[in-house]
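Order of writing sets the chain letters: A, B, C, D and E. Residues in each chain are counted from 1.
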Amino acid sequence: MNVLSLNNVTKRFGGLTAVDNVSFHIEQGEIFGLIGPNGAGKTTIFNLITAIYSITEGEIYFNDKKLQRKKPYEIANMGVTRTFQNIRLFKKLTAYENVLTACHKSADYNIFSSIMRIGKFKLQERYLKNKTDGLLKLMGLWDYKDIVASNLPYGLQRKLEIARALALDPKLLLLDEPAAGMNPEETIQLMELIKEIRNKFDLTVLIIEHHMDLIMGVCDRIFVLNFGIPLALGTPKEIQENKKVIEAYLGKEEKTYAED
Amino acid sequence: GGSGTPKASGDTIKIGWIGSLTGDQAVWGTCESNTVKMLIEEVNAKGGLLGKQVEGIYYDTKGDAAEAVNAVKRLITQDDVVAIIGPNASGQAISISAVLEQYKVPDIATVATNPKVTVGDDGKVKPYNFRVCFIDPYQGAVAAGYACDKLGLKNAAILYDVASDYSQGFTEFFEKTFIEKGGKIVAKEGFKEGDVDFRPQLSKIKDAKPDLILMPYYYKEVALSANQARDLGINATLIGGDGWPSEQLMEMAAKSIEGSYVVNHLDFNDPEVKPLQEAYRAKYNLPMELNGYMAHDAFKLLEAAIIDASSADPEKITESLTKVTVEGVTGTIKLSEEDHNPVGKQAAIVKIENADYIFQEKYGLQ
Amino acid sequence: MSELFLQQIINGLSIGSVYALMAVGYSLVYSIMNFSNFAHGGVIMIGAYIGYFSLTFLKVPFFIAFVLSAFGSGILAVVMEKIVYRPLRKRNAPFLYFIISAMGASIFLENVVIASPIGPTFRSYPTVFSSEPIMLGSVALGRIDLLMFVISAISLMVLVYIIEKTKIGLSIRATSYSIKGSTLMGVNVDKVIFIIFVLGGLLAGLAGMLFGMRYTVYPQIGNITTKSFIAAVFGGLGSLPGAVIGSVLLGLIETMVSGYLSSQYRDLIAFALLILVLVVKPTGLMGKTTEDKA
Amino acid sequence: MLKINNLSVFYGGIHALKGVSLNVEQGQIVSIIGSNGAGKSTLINSISGIVKYKEGEIFYKGEKLSKQAHKIVKSGICQVPEGRIIFANLTVMENLRMGSFLRSDTNGIDKDLNRIFDLFPILKEREKQVAGTLSGGEQQMLAMGRGLMSNPDLILLDEPSLGLAPLLINTIFDIIIEINNMGKTILLVEQNAFKALSIADYAYVLEQGIITMEGNANELIKNEKIKEAYLGKKNVDFISV
Amino acid sequence: MSWDYVSGILILSGINLMTVLGLSLLTGFTGLFSFGHAGFMAIGAYMASSMTMKYGIPFFIALLIGGVSAMLVSLVIGKLTLNLKGDYFCIATLGFGEATRLILDNVQYFGGARGLSSIPTQGTTTLFNVIIINIVAVFVLVSIIRSRHGRNMVAIREEELAAQTIGIDVFKYKMMALAISALYAGISGGLLAHYLGYIQPIMFKMVKSTELTIIVIFGGLGSVSGSVIGTILLTFLPEILRSFYNWRLVIYGAAVILIMITRPQGLMGGKEFSIKSIIKSAKKFINFVRQRIGNKKEEVKS
C-alpha cells in the first residue's frame, strides 16, 4: 500500500518553478531518499506535504487521504511529521521539555481535568513522562535532558528534533538533512539509529540528505530531483550508477588533494 | 492662643487635599494644591486655627478613582486629617464616598459638578460629601437659558468630549433646556479626550449654519477648537462653561473667542478677587486657574466650619459645614442640608471683550 | 464636488501629515530594532519644549529654534538609547523588554516635565508667521499644515534615500535582520543604532516644534503618537512609505467618518476598518507578505 | 599570522574552551576537527569577537587583536559563520554588498563581485531574489561569497560544506584551495574531516574544549585514532566523502 | 501603617492580580502581547455591576457573568485578530480596548461617560473574597500551565511553525489563552466595580492595559509567582512613593527602566518561586558550605 503519493505536484514562486510536475509513491515501511542538487526543490516538497506551502498544481495523498486544504497541525495529527533543515526547536526550553511538549497527542485529558487533576490526568501525565524518558534515552540525549535547546551543539539539536518528531508516534517521518553538521562517524551512527527507529516504530521514512554514505546505506529507494524536475528513481545501486545523477549531483569520483 | 510652631501632631490640625498632580488633569490639580498651600501659610502666619497650626497633606490621584480611594484612606488612617479638600473630578469624588462614610470624615469637592457627587442614586444625600461649585444641570441650563432668552440665539451646534463626564453632563442639560425654550440643535458632534484636531467636526458644524456653538470642555481644547473654527470661517457665537476661564485661554486664542460668552462662577475683575489673584501670581509666578478660586472657597468654608465647631473633630466639622456662611471669591457660600450643594449660587455671565473677561450679570434660572 | 467635501479632504490630509511626521520616526526605529519605541512621543514633547523655550527665552529666530529643537531631541534620543536600550541590546533581550523600557521612559519623560519647574501648564508658541489660512473660495488651507506637509514629504524622501540607496542604509537593513551577521561584516552595530536614533530624534524635534506651533505645548502632547503608531501598523510596520501612506489614510478615514458618519463613533469605525484591513492583509498595506520558508 | 595563547571561554557555568593554544602561519590552510560540541564554533567566534573570552590572548600579525568585532573585520579577518547567517531580508546582491561594507575601492569590489559570480553562477541568476527564500545550499554559497567580498587576509570558515550537495562540496573545496592560492590564509572548521585534512597544511583536533592532537595534515590523516573517530572507518561501502 | 489602608491596597493588588494572571498566560506563556485588556475589564465591570444593581443577582454569580461576557467578546475578537503577528495583534487589541471604551462612553443605558454609581460595596469585594478568588485563579492557572495544554501554549510562544508540525492547533490554543485571560480580566473588572462602587469608562484607558502588561513583564515572562510578586510590588510602589508628591511617577518610570536593564529577565526570570525551589537552593547552599569547610580542612591537612 502507498503511504504517501505525490501526483503531478507543481509549486511555483512567482516566475520560479521550484517543483515541476513531480510524482512518486512511497510504500509502507520504506525508507525513501530524496536527493538532488542544492535548490532542487527537496525542502519545498516537504513544505508542500506538511502544508506549510500551498500547492500550485497536483495532489498529495497520505494513506489515500487527500492532504490539500488541511492545516499543518491537521497533517501532523494524521501521522505525518518532520524535522527542519534550519533547526526549529523550542529554543528556550530544555531538551526534556521539547520532547514532553511534543508528546501531547498521547494524552487526551481536557482542560478541565487538568484543573481538577483527576485520575486520568495523573495517569496520562505519568505516561507522557515515561514516554519522554524513553525517547531521550533512545536518541542518546538523556545526559542533555536539562540543557536548554539553543545551547546544545548543532548535531545534538538535530537529534533532538528527531526525538521531538517521534514523540507524535508518526506513521510517516520526514527528515530534512538530519546529518548536516555531523562528522562521518556520527553520520554512520545516525544511519543505524534511523534503521532502528523505523523497525521499532513501524515507520515510513522520507529523508533528504547530502551525505551519500547515509543515503546509500539506509534507503530502500531513492528519488532524484534536479531543478524541480524528476531525474531518476531507483535503488541505491541503480542511482549510484545512473549517469545523469552522477553528472548532475554526485560528481565523477572522489577527488583527493593530499598529493597537491 | 497661637503657640506658633507645631510640636506634636496633637498641636496641629491636619487637612488633606487630593487631586491630579500628574496626568492630563495636572494643570488644575497643581493650581488647587498650590492655592491650599498658600492659604494654609496665611492662616498659620495669623496664628493658625483654634490656636493650632494647620498642616496640609497633598496626594496625587493621577486622575484615577482607585488611586483616589487609596489616597483618602491614607489621609484618614495614616495622617489623621480632619477634613479633605478636592478632588477636581467627579469620578474620584464619587468613588471616595464609601471611605468617607466609613471613617466619618468630610470632603469638600472643588469642581466636581456631577450631581451624584453629593446625592446617591436613591436620592439621599451622602453625609460626608460636600461641594462648593454648582452642578452640571445648573450650568447647562443657565447656558441654554442665557443663549435663548438673553442673546436670542436659536440654532445651536454642540461640540463635546464624549469621554468626559463633565462635558457629557453639561451637554445633556443644555440640550434639554435649549429645546424646551424653543431652540434647535442643528449639529451635535463629539471628539475624544487627547484629540487636538477638530476641523472635521467643525467643517460639518459649519455646514449646519448654527448661530451659536456650545463648547463644554476645558480651555486647551477650547483654544484649539475656537482657533480652528475661525480658520474655517465659522462666525457663530461661542458659548462655554467653567472649563474656560483662564489667562492661558487668552494667550492661546484671544482673537478667536472675542465676543464669546462664558458661564462662570465669578467675575475675575471683581476688586474683591484681585488680592487673591495677585498673591498667587506673586508666589508661584503663574496665573491662577479657576480651580484655585474654588479651592480657595472650599478652604474658607472649611476654616469657618472648624471655627464654628470650635473643634477639630471631623464629625463636628461635618455638622458645621452646612451651618456656616462664608463670603467666597465665587459668591456667598452656604451649603444646603438637603443636597450639600451651595444654595442660591448664581452664575456669573462673562463676555470676552478685548481679550478680557468682562462681567455681564449674575444670572440664574427663573 | 461640494465645498464641504473638499474641506474635509484638506482636513484629512493635514491631520494625516501630522501623523506621518511622527510615524516616520517611529517606523525608522522599528525597522531596525523591531520594537515599537513608545518613548518617541516623549522625545517629540521635549522637542516641542526646546522649540518653545528657544523662541520665548532665548528669543532666537524661528529657523534657529528649529535647529535647536531638532538637535536637542536628537541628543535626547541618543542618550535614551544609551541608557535604556543598549543594556538590553547587549543581553539580546526579547522585544517585549524593549517595549516595557520604552514605556518606562515615556512615563519618566512626561512626569519629569510635570514635576520640574516647567510644570503641567499649556504653553502657546509665539506667533511665528501668520496663522491666517489661505482661502480657496470658502475652503481654508492652513499655512502650518502646508509646512508640515512639505516637511513630512521631504524628510520621508531623504530617509527613503538613505535607507534604500546608501551604504549606511544597507547596513541598517542588514543589522535589522541579524546583528551577529552584520557584526561579522565589520559593521559597528552601536554606530548604526546611534545613527538611527539620531535620525529618529531629529525628526521628533521637527515634529515637536511643528506640533507646538499648531497645538500648543504640554506634557502629554506626545500621546498623539499612539495614533501614528496605529497609522504605521496600518501602512505596514518597518516600511517608511507605508508609514506615510498609513498616516494619510488614517487621517482621511477619521475625517470622513467624523464628517459623514458619526464623530462620536469615529475611532470605533476607524478601528474596525483597521482590523478589516489587517484581516485581509495581515502585514498592513505596504508590509511584505512572503511565505515563511521552513 | 594568528597566534592564540591559552584561550578560555565560559558560557555561564559551561567551560567551553579550556586553555586552547594554536598557531596559523601566513598562507597556510589550517584545519580544526572535532565532534559536535567540541568548541570549534566557540573558538572561531572568539577570534571574530562575537564571543568574549575570559583568559588568554590572541595575536594577529604580531599585534594583540582587538576585542571589538567590527575592528577585527577591519584588520582583515573575516568569518563565514556556521548556519550561514545571511541577511534573509536582503536580496542576494545586497548581501554581497554587505560583504564589502568596509571597502571603498569600487574597482576592486566590482572585480571581486564578478569573480564570485564566476564561482557561483546561481548567485548571478538569483541576484534579485530575497536571500531568505534561497535553498539551503544556495544560502551557503551566498555566505561564502559574502565573506570573500570583504577581501580578507585571514578567512575563518565554519563548516562551509554544511548542507551542500556532493558535487558542490568538491567545488567548495576547490574554491578554498583557489582562495588559498591567491595568498589568503584559511582557518577551516569541518565535519568532513577527510576532506578538511586532505587540503590542509596543518591541523588540530579539538575535544571537549581541549586540543588533544595536532600535526601536519597529511600525517594526521593516516593516524589510526583519527581514522576511527572522525573519518568513519566503516565508510567504505560508498566511494564519496 | 493602618490595617485599613494596607488592606485597601491589598484588595487593589488582588484586583490587578486577576488581570495580570490572565495576561501572564497570554503574554508570558503564549507570547501574545495585548494592549486592550482594560477593555475586557470594562466589560466585566459593567456586566457584573448591572447584574447586582439591576437584577439583584448574587455577587459571585454576577462576577462570573461579567467574566464570561468578557470571554465571549474575546472569542469574537480572537477570531478576527489571532492570525495577526506581534505588533499587529497588539494594535488590534489596542483598537478593541479603545473601541469598548468609546461604546460605553456613548451608551446612556450604562450612564455614558458619567458612569454608573451606587454599585453595592458592602460584603462584595472584601479582602477575604479577593484572596479566595485569587487563590482559585492561581490554582487554575498553574494547573493549566502544568498540563499538556500549558505546554502547547509555551510551544507556540517559542516557535509557532514547529508547534504546528507537532500537531498543535495554534489558533485554538491562542484562542484558549485569550479567552482565559479575558475571563480573568472580566472578573477583575467586576471586583473593581464592587470595590469602588462607581465605574466610569475613563477608568479603563489604554494606560490601564499597559500598566498591567508592565507588571507581567516586570515580574518575569512565564512565571506565575513573578506575576504575583510583581503585582504586589508595583501596586504598593506608587503608594510608598505617595509622599513624593508629583515626583512619584518619575520615580516609578525610572524604577521600571532600572529593573528592565538590571534584571532583563524580570524579577523571577521565568522561574517559579516554590517550596521545592527554596529547599533546592537551600540544599545547594548547604552543600556549598560543606564543600568549603571540607576544602579548608583538607588545606589544613596538607
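Everything that follows uses one rule, which is that a contact is a pair of C-beta atoms (placed from the backbone, for glycine too) under 8 Å apart; a residue touches a chain by one contact, two chains touch by 3 or more.
Protein names from UniProt, one per chain: A, D = ABC transporter ATP-binding protein; C, E = Branched-chain amino acid ABC transporter permease.
Note that the structure is a prediction, hence the values are computed from the model and not measured.
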Practice item. Going by C-alpha centroids, which chain is farthest from subunit C? Tell me that one. Key: A
Check your understanding: Relative to subunit D, which chain has the most distant C-alpha mean position?
Key -> B
Check your understanding: More contacting C-beta pairs: C-E or A-E?
Key -> C-E
Practice item. Averaged over CA atoms, how far is the centre of subunit D from the centre of subunit E? Could you give it in whole Å? Key: 48
Point to revise | Whole-Å separation of chain centres (CA-atom averages), subunit C against subunit E | key: 30
**Study point:** Separation of mean Cα positions, subunit E and subunit B [Å, integer]
**Key:** 36
Check your understanding: Got the subunit B residues that touch at least 2 other chains?
Key -> 21-22, 26, 30, 162, 190, 192
Exercise for review: Could you tell me which residues belong to subunit E and also touch two or more other chains?
Suggested key: 102, 105-106, 161, 245-246, 249
Exercise for review: Could you check subunit D for residues that touch two or more other chains and list them?
Suggested key: 133
Review point. If you look only at subunit B, which of its residues touch subunit C in the complex?
Key: 21-24, 26-27, 30, 162, 189-192, 194, 196-197, 199-201, 203-204, 206-207, 219-220, 223-224, 227, 231-233, 248, 251-252, 286
**Study point:** Residues of subunit C defined as touching subunit E within the complex
**Key:** 30, 36, 83-84, 87-88, 91, 93-97, 99-101, 103-112, 114-115, 226, 229-230, 233, 237, 264-265, 267-268, 271-272, 274-275, 278-279, 282-284, 292, 294
Study note, to complete from the structure: Within the complex, subunit B is touched by subunit C residues 4, 7-8, 11-12, 14-15, 18, 111, 114, 119-122, 124, 131-133, 135, 138, 140, 142, 214-216, 218-221, 223-224, 254-256, 258-259, 263-264, 266-267
Point to revise | Touch list for subunit E against partner subunit A, complex | key: 139-140, 143-144, 146-152, 154-155, 158-159, 161-170, 176, 270
Exercise for review: Please give the residue numbers of subunit D that touch subunit C in the complex, ascending.
Suggested key: 48-50, 68-70, 73-74, 78-79, 81, 85-90, 94-95, 97-99, 101-102, 130, 132-133, 146, 150
